[in-house]
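Below: a set of structures, written as structure tokens.
Below, chain A partners chain B and then partners chain C, in two separate complexes.
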Partner chain A sequence: MPDAVLTASPLRTIAAKDIRDALRDRFIVIVTAFLGLAATVALMTGAIALRGDVATYEAAKATLLAIGKAADAIKAPEFYPLRLLRGAIEQIEIIGAAIAILIGYRSAASERGRQTLALIFTRPLSRWQFVAGKALAGLGLLAGGLALVLGGLTLVLQLMSGIGLTADDLLRITIVWAVATAYTACFFLLGFLLTLHMRQPSHALLVAFAVWLLLVLIAPQIGDTLDPDNQVAGGVFRQLNIAKSDQVQIMKGFATYETLRDGIEQASVTKHFERFTFAVLGIKATYAGMPLGPILTEMLGNLVWIFLTALGLGALALAVPINPDRLAKA
Partner chain B sequence: MAQARAPAWAIASQSARFVLRERTVALLAVLFVALVLISAWLGWQATATVDRIYLDAAAFLQKTGQPVPANPVLDISPLSLMRNMSVYVALIGALSVIVIGNRLVGLDRKAGVLPLIGIRPFSRATYAAGKIAALAGLILILALISGGVAAVTFLFLPAVVPTAAQWAQLAGFIGISALYMAIFGLVALGAGAAARSETVGLLVPVTLWLTLTFIFPQLTANLNPTAAINPISALAPLPDTPFFHAASQILGPLSLADAYRFASAGLLDYLPPGMGSPAFLPPIADLMLATLFAAGFAWHALTRQSMAQGDYDA
Partner chain C sequence: MSDPILSLHRLRQVFDGFTAVDDLSMAIPQGEIFGFLGHNGAGKTTTVQMLTTLARPTSGTATVAGHDICADPLAVRRAIGYVPENVRLYDTLTATENLLFFARLSGVADPRARVREVLDLLDCADLADRRVGGFSKGMRQRIGLAQAILHRPAVLFLDEPTSGLDPMGIKMLRDLILRLNAEFGMTIFMNTHLISEIAKTCTSIAVLSHGRLVFHDRIEAVTARYGDDTALEVLYLSLTPVGRLSEVA
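Let's look at the complex of A and B:
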């Protein structure tokens, strides 16, 4: 009977078995809970800070009114509920990517550790079906985990914001979920590819983490650090009392520097994910309140970059032949 | 007494040599040194750019008849050029020593030599002391390399002349960086000895590192992860709410990344005036205490490790 199942749909069998394994040893449950905790902490602390801003504004407004001045002398804090997801999105881009590497590592290392890889290849299934089945399972686990995390965050947001989320808000969160799945898939495939092909699985995990460090933390950090406005507390232009329009004029003389800085950031798939999600959720001020259509059109480049990276790594996983020397536990 | 020290020394030197032979360890160490070099360049480049922006802005303000404020670069201490180094110690430095700590025990377990070591005429305490000494030695090498890079950078930049006090501050920064890395290395050493699986031995310190670097700063200061890894943005004022005042004081001592950030900013002269750690424990004392706890954990795990066990379960 198992033979018949394997022959009927080897890809589905491999994927279903991997998902069952991952759920059985509770690893995926633990890491999803960890990501959920990190994202919820980010959402809650963001909300607490916003309440503090609102309280400060109300107190300042009351003082102005008491001394007979107009309340519009001070700017009211803007409240876009989706903006509260900023910290959670950053946790997904950092911790979510690390978890994806671990899922990829375990997906490949489990067969090597149990010495079952050679056995699997004695069955009537091709190498690409094995790899595709594993990748499908990984994608399913990531999509499911992220759906749980983002679903939970949406619920907390709905309860905390007090104004209710609209259908448009829910659509934006759904788009972010789909893109987050593609983004984390890049790191899943990286961990999976390296673990399947490197001599020592533990070395593969370390190399994958080194790449994660460079792409997720270092490259965006270098770009961020080189931003002149991040060099002086409060921003260099604010300290020099220079208006926004004049800032643009001055920065024209630093076009090459800005291109280099942007290039370093662009090299990281993480920055593309951040730019896309921050625009869709209105976290970046210029996109707050803007309809979804124009945002998606403007952010198409980032979207293409993320999906092409995932597809490229997927194609590589399917194309690289599995070395028989790598079939056993190292 | 000399005889009692000799096996620990042999274990330390042999373990350190074996770990250095590992290509992954070498890769991470090289990456760390490269990033320390980059951090020096970043600090210089970013400061030079702000200076040029100021000159352009000053010309623009003069032309439009507006008052020209003071150059913010003049307020910057030369030591602050090295501010990015604190970020790279907290990221790649910590990860490198986690790997070193893990491999120091993992290599013995993977090679199945623990039973062989166990029949030698020395105690498990000697074995533990040797492993901790090896870790300390390797961390010291990493810290000295980063200190050397910083010192050479200052010597090569003619416009930057640190005073004797600033050289001492730089030495202090290298010292607290070594302490911060040691915390993670010791936890990795202990976890590597206590864990039944190789993966768990590596994941425990990595999870601790992720929690301390990205979750605690959010709880204590509403600091988002990307801001937490920017040396300037990470020093934003605390949100003025009772929750954050209480959380930063109570959880502050547990938030080791915050402690390291404040200690680094103080020593490298980029801590904004009037700002300090809101935690009830001073940052450097906090880091010392955490290192002692981590050393206790590593010692406990290493001295209770069964010398009869072979390779990891998985």
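Let's look at the complex of A and C:
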């Protein structure tokens, strides 16, 4: 008779194995390094420009002092170093989501291809523990990868921009890291779910990337492209000198159109991520210099949407039974 | 004869209107090396999937080591080991890391010690720290067998264990199976196509054709009735569609 006793949590065992396995996969390591590099290049370009602006201001101030005038004779410009993270956020939005799909795909396809699903499911553990272990590993990999990327960027920002980061800035970056983990987790779960359940793993990858194309590249752009006010540089209303009250009146005539346009945007988790991060980091001019509290209150809807999408996909992964055909055949 | 460790009662599996296993009933006593024969698509793998709790039967029931496969699947899993056909394991992990993973999932009390013990038992301690990705088919099959016996299962299910192995690999595996059965009293349930292996390894056999059991007896009874090993092949062919077609021809 077997002498087995449950001494280790299967969930933790599966997660630890998956992380170790993925970290030894050169492809995963290389694409993550590529994301870091792309984000760093985007940041460095902005940081060099900002450093130039800071130097120009410092030089002007020194000149004023040298000729005996007060330094406040010219208005001190406001520098927002976190806005330099715009490029990095866009890379996470697009490349980060694609990498998350690949990690999710790999997580399920490798078990199917190696016939190890059958070995796991003949062990005394529940299928929810398997799915939860996999999800935990995915979250760990994404959180770790994003921490490395954002941590590295913070360092570069500090060193290159010439402006010291405050505790508030670091808190904002930490919040963005947590939300970016939840955002990329949505795509990990999408890739994992489809690959685990579809007949052919390769077809699952194609479907996952079709969804990625729709959610990440098409839907968020539709909002901007179809916005009537975006059709002319600087805005139609502004160019025509139309007063705010009249703008509201005019837009009432486009209510259905606007609802549809907004609905497409709302359906994209990427748009919610962009709105949230752009606000928290002050990338969108309206939020630059605004305290964190009111921003979080205003952006709560976007935050809820991101976390609900991740939780919904996680619940789906736990709820859908696995077809025995997927256990032993690739 | 001891009490059956495997007991199947009217087991049936239907997929999209296709009956893969039909009304399968049999009992296998503890300590047997049971050879399960049948043509491709006869329902052998489906039967193993049901007995290992990977698939739920459409109807009927079975008990493994006294536990019902539907009512108590976790208890069944504690009592079994399973080696699927062409198992590959995790290429990026070493043999020890692979085995530690499965030992922990099985709840083995001291996984490291047990992994060393099993690697020694299967004479593959030299493979311990090598990544499985570089292993030959025979080496993989041995590590595959190792993962299945880590928790000292009462019943070991092997699905086409000799598939793709060279004669040396087949002999090595046969010796291991005989040793596990003799030294640890493990009941072996083996799906196979190789009739010669059945004659050399098994204590009882059954033949499945189109999901139905068409023969089940102890190997001594078969050889007493039909003569030598060659007669086993004649018996098998006479029970399968290929054999019946050749008879018609």
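Some observations on this one:
Just so it is clear, the second predicted complex is superposed on the first by the 263 of 330 C-alpha atoms of A that agree within 3 Å, B and C clash if a C-alpha of one lies under 4 Å from a C-alpha of the other, contacts with A are read in each partner's own complex, and residues count from 1 in each chain.
Going forward, a contact is a pair of C-beta atoms (placed from the backbone, for glycine too) under 8 Å apart; a residue touches a chain by one contact, two chains touch by 3 or more.
Note that the structure is a prediction, hence the values are computed from the model and not measured.
Once the two complexes are overlaid on the shared chain, A:49 sits against chain B while remaining clear of chain C. Legend: residue contacts after superposition of the two complexes on their common chain; A:147 is shown touching neither chain B nor chain C. Once the two complexes are overlaid on the shared chain, A:71 sits clear of chain B and of chain C alike.
In the superposed model, A:308 makes contact with neither chain B nor chain C.
In the superposition on chain A, A:33 contacts neither chain B nor chain C.
Residue contacts after overlaying the shared chain place A:205 against chain B, while chain C stays out of touching range. Taking chain A as the reference chain, the count of touched residues is higher for B when chain B and chain C are set side by side.
By the document's definition of touching, of the two partners only chain B reaches A:236; chain C does not. Contacts of chain A with chain B, set against its contacts with chain C after fitting on chain A, overlap at residues 113. For chain A in complex with chain C, the touching residues are 1-8, 10, 13-14, 17, 20-21, 24-25, 110, 113-116, 118-126, 324, 327-328. If you check the complex, the residues on chain B that touch chain A are 23-24, 27-28, 31, 35, 38, 42, 45-47, 49-50, 52-54, 56-57, 60-61, 66, 69, 72, 84, 87-88, 91-92, 95, 99, 106, 198-199, 202-203, 206-207, 210, 214-215, 218-219, 222, 224-226, 229-233, 235, 239-241, 243-244, 272, 314. Residue ranges of chain A in contact with chain B, taken from their complex: 34, 37-38, 41-42, 45-46, 48-49, 51-53, 55-56, 86-87, 90-91, 93-95, 98, 102, 105-106, 109, 113, 202-203, 205-207, 209-210, 213-214, 217-218, 220-222, 224-226, 228, 230-233, 236-237, 239-242, 246, 249-251, 253-254, 257, 274. Those residues of chain C that touch chain A in the shared complex are 45, 49, 52-55, 65, 74-75, 77-82, 84-93, 97, 101-102, 104-109, 111, 147, 151-154.
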